[in-house]
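Naming follows writing order (A, B and C), and every chain is counted from residue 1.
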C-alpha cells in the first residue's frame, strides 16, 4: 500500500510518542546532576554509582531474581504436569478444571494478595521469603498451564497411540514424545512465569513481611517518598534488561515456532 | 488402566494447588466478610457496605473504571486498525507492547515527574499560555495514567481480531455494494466484537482494583475498590470489611466476565 | 496348530450410554493374509483396529491373539504395529529416529538398530533419507516412513488405518500395488481399514464389510462383489441396480412385472426378495429384443465405458455400463444372462446365506 495517509501516520506517531515518552523521560533524567526530574542541570553518572554502592538495594535485586527464577521453575513443573493431566480428562471435566485454573488469572491482584494474606495468617505461616515465593508460584501456575495447553491440543492423539504401539511405556511416552513436542510451550510458560514474578507488585505487597522486599515493593515505597533519581537510574537499567529479555524471548519463540504475542496482565 | 494412574500422579501437585490457592482463598475471603472487628460472626460488614459512604465509593470506582475503559477503547480501536494497515505490522505491534513489559510502578513514577509542579507537562502549559496547573493528585492525572497503562492491553486483542478478518470478506462486502462505512459497521466491527470484549474485560477489572495508582498519582483523591481493600487489610487492619469489599469486587468481576464473555478461543 | 492369529468372540464396544459402536462381533483372522475392513465412516471398522492394537478396551466379549486372551494386555505389550491415518510421525525426530523409535524402546544394540532401520527403509524404497526431517518429506514419503516404522519391529500383524486416504489418486494407486507387494514379501498379516471399495477389492485376500457395528458379509473380493448378501453390501460395493421382486419358484424370479430365469433356489414360494443386477451385466440391444425396455435418460462418457441411465415404464431407473453408445431419448432394450441376477433374501444371516450359496455349487456339481 503506497497510498499516502498523513492523518493515519500522525495519529500512530502520537500514540507511539505518548507510549514511549515517559520511559525515555525517566532515562533522560537519570543523568541529571540537578537531583530533580525538572530542569536538566548537567550530565552525571552519580546516580548509577550510588545505585551500585547501595548494598541494600542490590540484595533486594538479588531477592527479586531468586524469587523469579525459583517460582518460574517450580510453577513450570507443576503447570506442565497439570496441563498434561487436564488433557487426559473428558471435555466437561476439562472445562471445569480450566475454570478453576483461570480464577487466578482474571482475579485482580488486590484480591489475590488479600486472600493469600488471610491464608498465610490462618495457616500460621510467617510472612517473608517463603510466603512471597509460594504466592508467586501460585499465580504463575495457571499461566504456564495456558501456555502449554495449546501445544498439547495441537499434538495429534495418534502420536501417543503410535508411541505405545511401538512399545513405549507411560514414562517413555512422557519423556520421548510429549515433553519434546511441547518444549516451545514449556519455554513460553517459564518465560511468562518469570516476567509475572518480576513485575508483580500488588500480591507481593500484601504477603511480604517487614524484613523482606522485592524490587517492585521497594520502588513503591521510594516513589511514595517523592522523586529520587536513584529510581531513574534503576529504571534505565531495568528498561535495558526488559528489552534484552524481550529480544531473547522472541528469538527463542521464533526458533521454536510458537506464534502470537503475549504480554502480562 | 495404568494411564489413569500416571494421570493422577501428574495431577497431585496441580490439584493441591487448586485446593490451597484457588478454592481455599476464595472461601476464606467469604468467611472473613462475616467477621467483625471483635472477631465475632456478624453481618455488620455488609450493613456497612450498603451505607452511603461505601456505596458512593463503589459507584465512583465504577465510574472511573468506565471512563478509563471507554477512553482506552476510543484510542485503541483506531490505533489497532491503523496498525493492521502498516507494512511491518507485527513489528509495530511489538513496539506497542514493549512498554507494557516495563514495570508498572516505574511508569507511574515517571508521571510523578512529568505531572509535577515543575515537570514537562506544566512547562508545556506555560509555553502554550495556560499557565501552571495542579496536575498531579487530580482526577485527570489518574485517568490519564490509567489509560496510558491499559492502552496496550486494549490494542492487542482488537489488533488480533482485526488481523483475523478474512480480506475476501471486505471484497465481498464491496462487491455487494457496501460503502466503506457500511462495511465497517456491518462487517468489520461485528467480527471484531470478541476482541473488543476481551479488551474491555482486560481493562475494566484491573481499573476497579488498581491501588498503587490512586496512591501515587491521585494522592488518595480517588478511592477505588482496590484502594479500599488495601486500606482495610494493611492500614486499618479491619480484615472483615476488606474481605466484604473483596467479595463485591469478585461479584463485579463475574458479572463483567459474564457480559463480555464469549466462546473461548485461547489467548 | 491352527492358522488363526486373531479371534474376536462376541465383542461389543460401547462408550458410556451412547449407542453401541460394535455390536456382538465375532470373526477370525488367519496368518499371512491381507484383510480389509470396509465400511462407511462411523461403522466401527476403526474401533476393531483400535481393539486389536490395544488403544481401547472391549465392553464385553473376548479377543484372542495366538490363542491367548489379550483383553487386558496394554498396547505397548502387543505384537502388532499400526500405520496411522495421519501417519503419526514424531515431528521432533528425523526419519531414522522415527523408524528406530520402537527398537530404542526395546533397548536394542546401536549397531543392530542401525542395520534394521536401514533394511526397513530400503524395504519401502527410502534408502538415503535417514537424516531427513519429517517436515521435508512429501505425503507419499511420510507414508513409507510410517510403514517402515511399523515393519522394523517385525510384528506378526500390521494394522493400517486408512493410510492412503491423504494421498492423491495416482499415488494411491501406486501405493496399493506397493502395499500388496510388501505384504506378500513379508508374509505377515495385514489388516487394512478403508471406506474405499475399489481399494478393498483391489488389494485384499479377504474383505469384511461392516455397517452399523456389525459385520455384514465377509469373503473374497469376488464373492462379495458377485454375491452381495443384502442391499447395503450391494450398494456399497460397486454400482448396482436394485429392485424388489418375488421368488415364484426355484430358478424363476419375477420383477418389474416379468418373470425371468435365474440360478437361485431353496427359498419359499412367492417369497418377496430384492434383485441386484450389476450395470456391466446389462447389455444394450434393440427395443424389441430387450428383456427390459427403457428410455435413455442420460449418458456420460467415462473413458472406458458409457454410463447410461434408462427409465422403464414403471419408473425404475436402470444404470448401464456399456461400450456401445446410446442416444438420449431413444427407447432401447436391455438383456442379461440368468447368472447376472442376484437374489437377496430379507434379513438373511451370513451363515444361512453361505449355506444357500454352497447348495448351488453342490447342485451344479450334481448336474455335471
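The rule we apply is simple: a residue touches a chain if its C-beta (ideal position, glycine included) is under 8 Å from a C-beta of that chain, and two chains touch if they have at least 3 such contacts.
The chain list, named the UniProt way, goes like this: A = ABC transporter permease; C = Spermidine/putrescine import ATP-binding protein PotA.
Bear in mind that the values here come from a model prediction, so they are computed numbers and not experimental data.
Considering the contact criterion stated above, the chains in touch with chain B and with chain C alike are A.
Look at the CA centroids: the one farthest from the centroid of chain C belongs to B. Interface comparison, A-C versus A-B: the higher number of contacting C-beta pairs is recorded for A-B. Closest to the protein's overall CA centre, chain by chain, comes A.
With each centre defined as the average position of its C-alpha atoms, the distance from chain B to chain C rounds to 60 Å. With centres taken as mean Cα positions, chain C sits 56 Å from chain A (ABC transporter permease).
Rounded to whole angstrom, the centroid-to-centroid distance between chain A (ABC transporter permease) and chain B, based on C-alpha atoms, equals 17 Å.
Looking at chain C, residues 74 sit in touch with two or more other chains. Residue positions of chain B with contacts to 2 or more other chains are 2. Every residue of chain B that touches chain A (ABC transporter permease) in the complex is listed here, in rising order: 2-3, 6-8, 10-11, 13-14, 17-18, 20-26, 28-29, 32, 75, 78-79, 82-83, 85-87, 90, 92-114, 116, 118-120, 123, 148, 151-153, 156, 160, 201-202, 205-206, 208-209, 211-212, 215-216, 225-226, 229-230, 233-234, 239, 242-243, 246, 249-250, 253, 257, 266-267.
Of all residues in chain C, only 53-55, 74-77, 80-82, 84-86, 88-92, 101-102, 105-106, 149-150, 153 touch chain A (ABC transporter permease) in the complex they form.
Put simply, chain A (ABC transporter permease) touches chain C in their complex at residues 156, 158-159, 161-169, 172, 176-177, 180-181, 183. By the touch rule above, chain A (ABC transporter permease) contacts chain B in their complex via residues 1, 5, 8, 11-12, 15-16, 18-23, 25-26, 29, 36-39, 77-79, 81-82, 84-86, 88-89, 97, 100-101, 103-104, 106-112, 114-119, 122, 138-139, 141, 145-146, 149-150, 170-171, 174, 195, 198-199, 201-202, 205-206, 215-216, 219-220, 223-224, 226-227, 231, 235, 238-239, 242-243, 245-246, 250, 260-265.
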